[in-house]
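I've put the structures underneath this note.
Paired with chain B in one complex and with chain C in the other, chain A is shared by the two complexes that follow.
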Partner chain A sequence: MSKSYLRYFLNKLAWLLVTAVFAFILNFTLPRLMPGDPVAAITARIAQGMSNTTGMKEVYERYAEQFGTNKPIHEQFLIYMKNILQGNFGTSFSQYPRPVADIIRASIVWTIALQFPAIIVGWIIGNALGAMAAYLKKGFDKVLMPISIFVSNFPAFGMAIILMVIFAVNLKWFPTSGGYGYNLIPNFSWEFIWSVIVHYQLPFWSIVLIIIGGQAIGMRSMSIYELNADYVKYARFLGIKDRVIVRYVFRNAMLPQITGLALSIGTMVSGALVAEIVFSYPGLGYTMLNGVMGQDYPLISAVTLIITIMTLIANFLIEILYGIIDPRIKAAQAEEQGG
Partner chain B sequence: MIHTLRQVFRSGKFVTGFVIFVSLLLIVLIYPLLVPDDPLAIIGLGTFFPPGIYVNVYDSVNVSPYTLNLPDATTKRIADKLGPKERQDMKEFLLAAGIPEEEIDIEDTAKLLDLWEKNYDPNKNIEGMTLAKMRYYQRLNNSLKGLLATEGLIVALPNAQTGQLEQVKVIEQSDYANINEVPNVRVLPLGTDNFGRDVLTELVKAAGVSLQIGFVAGLIATLIGLVLGLLAGYLGGMVDDIIMFFTNLLIVIPSFVLLILISFSIGQDKRGAITIATVIGFTSWVWTARAVRAQVLSLRNRDHVNLSRLSGHSTVYIILNDILPYIMSYVVMALILQISSGILAEAGLSILGLGPRTTEVPTLGLMMNWAMIYQAHVLGKWWAYLPVLVTIALITFSMNLMNTGLDQVFNPALRE
Partner chain C sequence: MKRLTWFLSALLMLSMLLASCAPAATPTAAPAEPTAAPTQAPQEEPTKAPEVQPTKELSAAEIAAALPRKETLYFNGQQWGPVVCWNPYSSSCNNAMAISQGDNARVTMFETPYLYNMLDGKQYPLLADGPWSWNDAMTEITFKIKPAARWSDGTPVTAEDVAYTWYAHVKYNTSTGASNKDYIEAIEAVDPQTVVIKAKLDADGKAVNPLIVAAYVSSNYVLQKAWTQKLEERTGGDPAKFLTDPAEDVVYSGPYHKFYTDETKVVLVRDDNYWGKDPSMWGKLPAPKYLAHVIFKDNAAGTTALKAGEVDVSQQFNSNVQDLWLKDGLPISTYLPEPPYNIGASLPTAFYNLRSYGLDQVAVRKAIAIAVDYDTIVANAMTNQSATFKQVPRSLMNPTPGEQALYDREAVKSLQWEGNDIEGAKKLLDEAGIVDTDGDGWREYNGKKLQYVATCPNGWSDWQAAIEVVAAAGKKIGIDITTNYPEWSVYQTVVTNWPLPETGYDIFMMWSAGAGPTMPWGRIRNLLSSEFAETTNNWTGNWGGYKNPEVDELIKKIPTMTDQEEIKKAYTRLVEIYLTDVPSFTLMYRPQSFHTVYEGVWTNFPHQGDGTNPPVPPLNLTDGWSIAGLYNLKLVNP
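After this line comes the complex of A and B, so read on.
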């Protein structure tokens, strides 16, 4: 690893830490900024139908103790950070007495296994289509662009619902919900793995389709821009083969698309979470829905934090990769080695 | 200005998007004048009535009938109760009851019914038949009673003194009521939803509210983004560093997650439509700020800006007169995108159950949420969710078409 890449890497790593701390602060402060006493609100929700005032008071005090709301704010933040770094997110309200960390551990695998491949596949297909549209123009472009615009503006849950109605409800090719058959217990049998694969298809493709649209539009604009650039005209003038030029053009158009992926990964993750909800896929999105339904504050707070941190890490990884590919950073490296 | 507008309206994409959008807007504005019903009034007792014309049965019985001798009336009447599927089901039952297959002719209605009447036994237990199927056969049997009768139905009223039924009138099979003479007819073009509300009226209202949410969210986001972008780009230095630091922070933190956290923290009771719109606006300005800053950076050292600065104009004056007009086209495009993403954000939040509180106004997201909770998509009640999806898609699609059109006008590299 050269010096300049190391500097780039450390810079990005520092940024990851700063954003993570900011995410912790937001996650900590936002619920506390709201008017009213959050613990009182929580107790009121839990104690619905409880007529015993001493009982209510006890519940209140227990939660005040747990969240530390009876202490000064900086001490509260220290407690919060200490708990999070130890992986202690408290106890779920809706699935009492299951610890929140336990619920998240069970669902995070599903989310990563679903979203990571879906986003990558969608990104690759979308970019390939966009580049083709820019290069081929005419018929292909005329068909692909309106479809892409339409699809990318279609709400993520809408795509999920339509795929579900067509392929699960009407054609019955795939199941409507869940991550595996409801009659199965997770194990390493073929039956279970097959069930997981079958349940995987619809959520996966609904996420992929949504991402394809947006990426294709972006890549098309970038490619058209590059195709009209002076160096392309000059290369054509020199009589360089089209195939060679196209390779340069798309390599250049690709770079902003990678930055774009880093910046829009948050949006993609949000869309994917909603797709999970539609298919009751047992990932973080569905867990969050259950948290909202059950007014489960610790669960929601933990899920939003985990999603944010996951997004930050994904963002970090893409930028690290970008640093390896970007010719400008490469050039800087070469210069350093030469000098 | 006029020249720009003329150019914009020459773009096919923009005009298509504009026409769709304005038509939607007109429907939202005009429909409530034509149908002044309360969009959230519960009119249906039951869930998901299919779309159609609902004729009051009581009134149509009382309307003086016309006799029409239509040749296919009987066939239609029978086919309604006894379609190909029912015939097949009857055959299955008869086979299970031990009737040889060659005796069963499912095409011959009279014979089939005769055979059915002789052999059907509601209590017969056929191996492997579920309870649901048994109930189905009982219902089928009931609906077949009197299917081949040619007499009319008798309408009777209890006598006020004796309580005995007295015949009021006979409704012949060839009696027809003219729908124009029936006083109570209600057209439900999109049926009713899970609460028994008229979906179309609700949808129009919801589209209006969602558009409002989109506008408020879009305006707030664009305004914040514009001001911060202008300040960061024009002033530079410390201000730029601080603003960009926060912008870059918020760009990597998914705004949807922030939105969820805030909405949940606000609590169900305090979440009105406009509150949600404001929250959406405050979480989605980052892109605009970044882009505006980039544009201002490229503008701020142009000759006309420098000249203005030399002439001693104030910063505010320069920003308003020498910078803003140049990025206006961009800001309008950003606003359009913000509105459409604001509508989508509301829908996404509502799907999660974190949308506006449910008692006052419908929104497109809430309608989706209700349809999903009541499993409309699994039950095949398409009218409860598909029109909502189509409306959302039309709004966002039309706005993005307008945006693409504008982009092509102002960014000549993208023109075809």
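After this line comes the complex of A and C, so read on.
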């Protein structure tokens, strides 16, 4: 590793740490700045049917004490930090007394299993189509472009509902809701696995279709830009073969797309909210929405913390990789060293 | 080649990313909160979440890959999120299929001594043997426990269990304890079969509130003493731990218990040794072997499943429910064949903030209330699933025949309004001198324009539709009412804590109590009693701050009255005051539970005039006496 690269690496690492610290503080503070009182919501549930106001005051105070919401915010922050360092995300407010860790564990696999393949498949197909449109032009581009624009601008809930109405309600090819058959209990049988696969299709494609559109548009314009760049003209002028040129072009056009991919993987934990709601599919997105609605500070903080960490790491890795592969960044390093 | 390297490096990067997720996620697997119970088994196989482990007691042979459709009764509308725990002392288990105490307690897994029937207002023995009785001074209730009653571990249910349950409720200040300890002095076991409930006495040696004491026997579960002591032992007497214990090992007396739960469903399975098959109770087992509830994310998803025949008992608002059989021709029905389809039990109500400018004036309050077009609310917000105020004139009573008979309709007839009375409202305001003096189209009171915000929680679509109608009524009579819909988390914090803000909450919607053994007294107390006026942490009622000593006096006296005529007179007077002072006004009637059934698999559900005696109420075959319906179910194609 060259000295300049080491400097670049340390520089990025320092920024990562600084960002992480600020993100951590924001993760804690922002949810708590929302108006309203989450302990009141818990009291509301517990106090249902209670008509004794002193009793309710006791209940309220007991929970305020337990959650520490009656303490000054800096004290709450210290407690929170201590717990997080011990790997303890605390107890959820909205699903009290369930531990936040338990909630996330129960839903995160569904979310990742839905989002990760959808993002990858959507990304690969989208980029391939985009690149082809840029390169082939003419008819292919004329058809693909409008479709891509149309699909990528489709509101996600609209896509999900259209798929549901066509394929589940009318054609009855796929079920309307759930992660697996309404009459099944999870077990290792073909019936169950098949049911999971069948239930997976509509939520999956409702996400993939939208990603394809967006990626295709991005990749197409990047590729067209690169195809018209001076170095391509120069290479053509030198008589370099098309195949070789295309390789250069896509390598350059790909860079921003990779960044986008890393970011969407970093944020995928926040869930495919719309698909989850429309298809009553299990996952973290809806849990998170409920957490926000119910001001579930520990749950919001935990999920946003995971998102933050994943995004930061994804970004960091990309910058490190760029440092190695992107000649422009290499050049910048060299300049810095020179200056 | 280079391109391939590129893709390979991209793949490598992805795998690194994934690997980097792992450390971030690992802490979630660490032992959580210290308050979590020691018995909570750490979940194995965190990476294989869809295959969450079924209940451990089940033998391999019992694990059904699929629930047989003809042995399973499917529900919706009760469970809206994953189950948190099985602890019947806790109020926060979010375990609607198994735990729900109250006026119509859910008795699938845990049982109450008596079952309340909202249709005839009576309490029928379940764990209890025969009716309960007051002593002559009306200070003590005595009842016996059925000799046949057994816990799931085979031991008999005894009076000692009833007494210890109460002891634990008080000791750990559960919501049952907190809400009853001002009225119940003690619950004691005289002998293994005999229970005595001693009422708290006032200065004159009379029970403070005999109604609440009598309601206890059908509202609260009996829990096993031995198990409760076990729970106390492992939680070391710490109330927080006691109430947050997940209680997977809980001993129960009811016909069903946990079979399977995860993020998507809850399934209860029948206990074929259930004591209730004894001839002294039901004489047989309930028909469905499984009670299953898929967790839907919203009403629309629940309705779609109902249409697909994947739900048998729908306890949710299905918009335009009649379309399901009239247009779609599905074998779906409601308790009543015609509108309002259900028996109304609670009265969603608009409260006035009596401190808002001008709303201290009866004329303004009444004018807005009589101008509101209730028929539109019933038709739009409730899609006709509420009785109209022509069918059931407004009072403080719900539409059940029992409550309607408790007041003298003729005596208050001149005060009842059906709504949309724009001219009447204008006249009322004109006579009170509240007119538009500056010609801007809006009326002024003492020179200040009458301007209000009507509100309810965001996303509660039927309520929002109703609030829009209220605002429209204001515009028609020259009072500027705008609407605003804060999130529930904010809304509930504001309306339950006096003082209300100066603006934004002038007219706001909240609920009222439904059907139960203390009703309509309890509902009237919640709506009008000054004990709740201008208080904080008020989840009960009278959020607008209404105070009237005569009302307080009547509310205090009614529970101790025994003469029916005297009671009727008191209720009539309360209705008269309510309709005169208008501190709040009912916007619609709402059923205790929505109750729509699919008869493609099961049939013989409770319907009006189905010949059951006592009549089975439309409460989803799980609540109070409606559980009797589970024993009547038959298969369409056996």
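The criterion applied here is as follows: the second predicted complex is superposed on the first by the 212 of 339 C-alpha atoms of A that agree within 3 Å, B and C clash if a C-alpha of one lies under 4 Å from a C-alpha of the other, contacts with A are read in each partner's own complex, and residues count from 1 in each chain.
As a convention for this text, contacts are C-beta pairs under 8 Å (C-beta built on N, C-alpha and C of every residue); 3 or more make two chains touch, one makes a residue touch a chain.
The model shown is predicted, which means the values in this text are computed figures rather than measured ones.
Visitor: Taking the superposition on A as described, I'd like to know which of chain B and chain C A:Ile313 touches: first, second, both or neither.
Guide: Only chain C; A:Ile313 stays clear of chain B.
Visitor: Classify the contacts of A:Val274 with the two partner chains as first (chain B alone), second (chain C alone), both, or neither.
Guide: So A:Val274 only meets chain B here.
Visitor: If we overlay the two complexes on their shared chain A, which of chain B and chain C does A:Asn27 touch? Say first, second, both or neither.
Guide: first
Visitor: Please tell me which partner, chain B or chain C, touches more residues of chain A.
Guide: Larger number of chain A residues touched: C.
Visitor: Could you say whether A:Arg98 touches chain B, chain C, both of them, or neither, answering first, second, both or neither?
Guide: After superposition on chain A, A:Arg98 lies in contact with chain C alone.
Visitor: Once the shared chain is lined up, is A:Thr19 touching chain B (first), chain C (second), both, or neither of them?
Guide: first
Visitor: Regarding the shared-chain residue A:Met293, is it in contact with chain B (first), chain C (second), both, or neither?
Guide: both
Visitor: Is A:Thr176 contacted by the first partner chain B, the second partner chain C, both or neither?
Guide: Once the two structures are laid over each other on A, A:Thr176 reaches both partners.
Visitor: In the overlaid three-chain picture, which partner chain does A:Phe157 touch, first (chain B) or second (chain C), both, or neither?
Guide: A:Phe157 sits against chain B, while chain C stays out of touch.
Visitor: Mind sorting out which residues of chain A both chain B and chain C touch, each in its own complex?
Guide: Residues 34-36, 38, 41, 169, 176, 266, 269, 277-278, 293 of chain A touch both chain B and chain C.
Visitor: Over in the complex, which chain A residues touch chain C? Could you list them?
Guide: 34-38, 40-60, 62, 66, 84, 86-91, 95-110, 112-113, 116, 120, 169, 176-189, 191-192, 196, 247, 250-251, 254, 258, 262, 265-266, 269, 276-280, 282, 286, 290, 293-295, 302, 305-306, 309-310, 313-314, 317-318, 321, 325
Visitor: Taking the complex as given, what residues does chain C use to touch chain A?
Guide: Where chain C meets chain A, its residues are 2-3, 6, 9-10, 13-14, 16-18, 20-21, 24-33, 35-36, 43, 46-52, 54, 63-67, 69, 72, 74, 81-82, 84-85, 90-92, 94, 101-103, 173, 175, 177-182, 219, 239-240, 243-244, 259-260, 262-265, 267, 292, 294-298, 301, 304-305, 308, 310, 487-490, 492-493, 496-497, 522, 525-526, 531-532, 535-540.
Visitor: If you look only at chain B, which of its residues touch chain A in the complex?
Guide: My answer: residues 248-249, 251-258, 260-262, 264-267, 270, 340, 344, 347-348, 351-354, 368, 372, 377-378, 380, 382, 385, 389, 392-393, 396-397, 399-401, 404, 413-414, 416.
Visitor: Taking the complex as given, what residues does chain A use to touch chain B?
Guide: Contacts found on chain A: 15, 18-19, 22-23, 26-27, 30-31, 33-36, 38, 41, 137, 149-150, 152-158, 161-162, 164-165, 169, 176, 221, 224-225, 228, 263, 266-267, 269-270, 273-274, 277-278, 288-289, 292-293, 297, 300-301, 304, 307-308, 311-312, 315.
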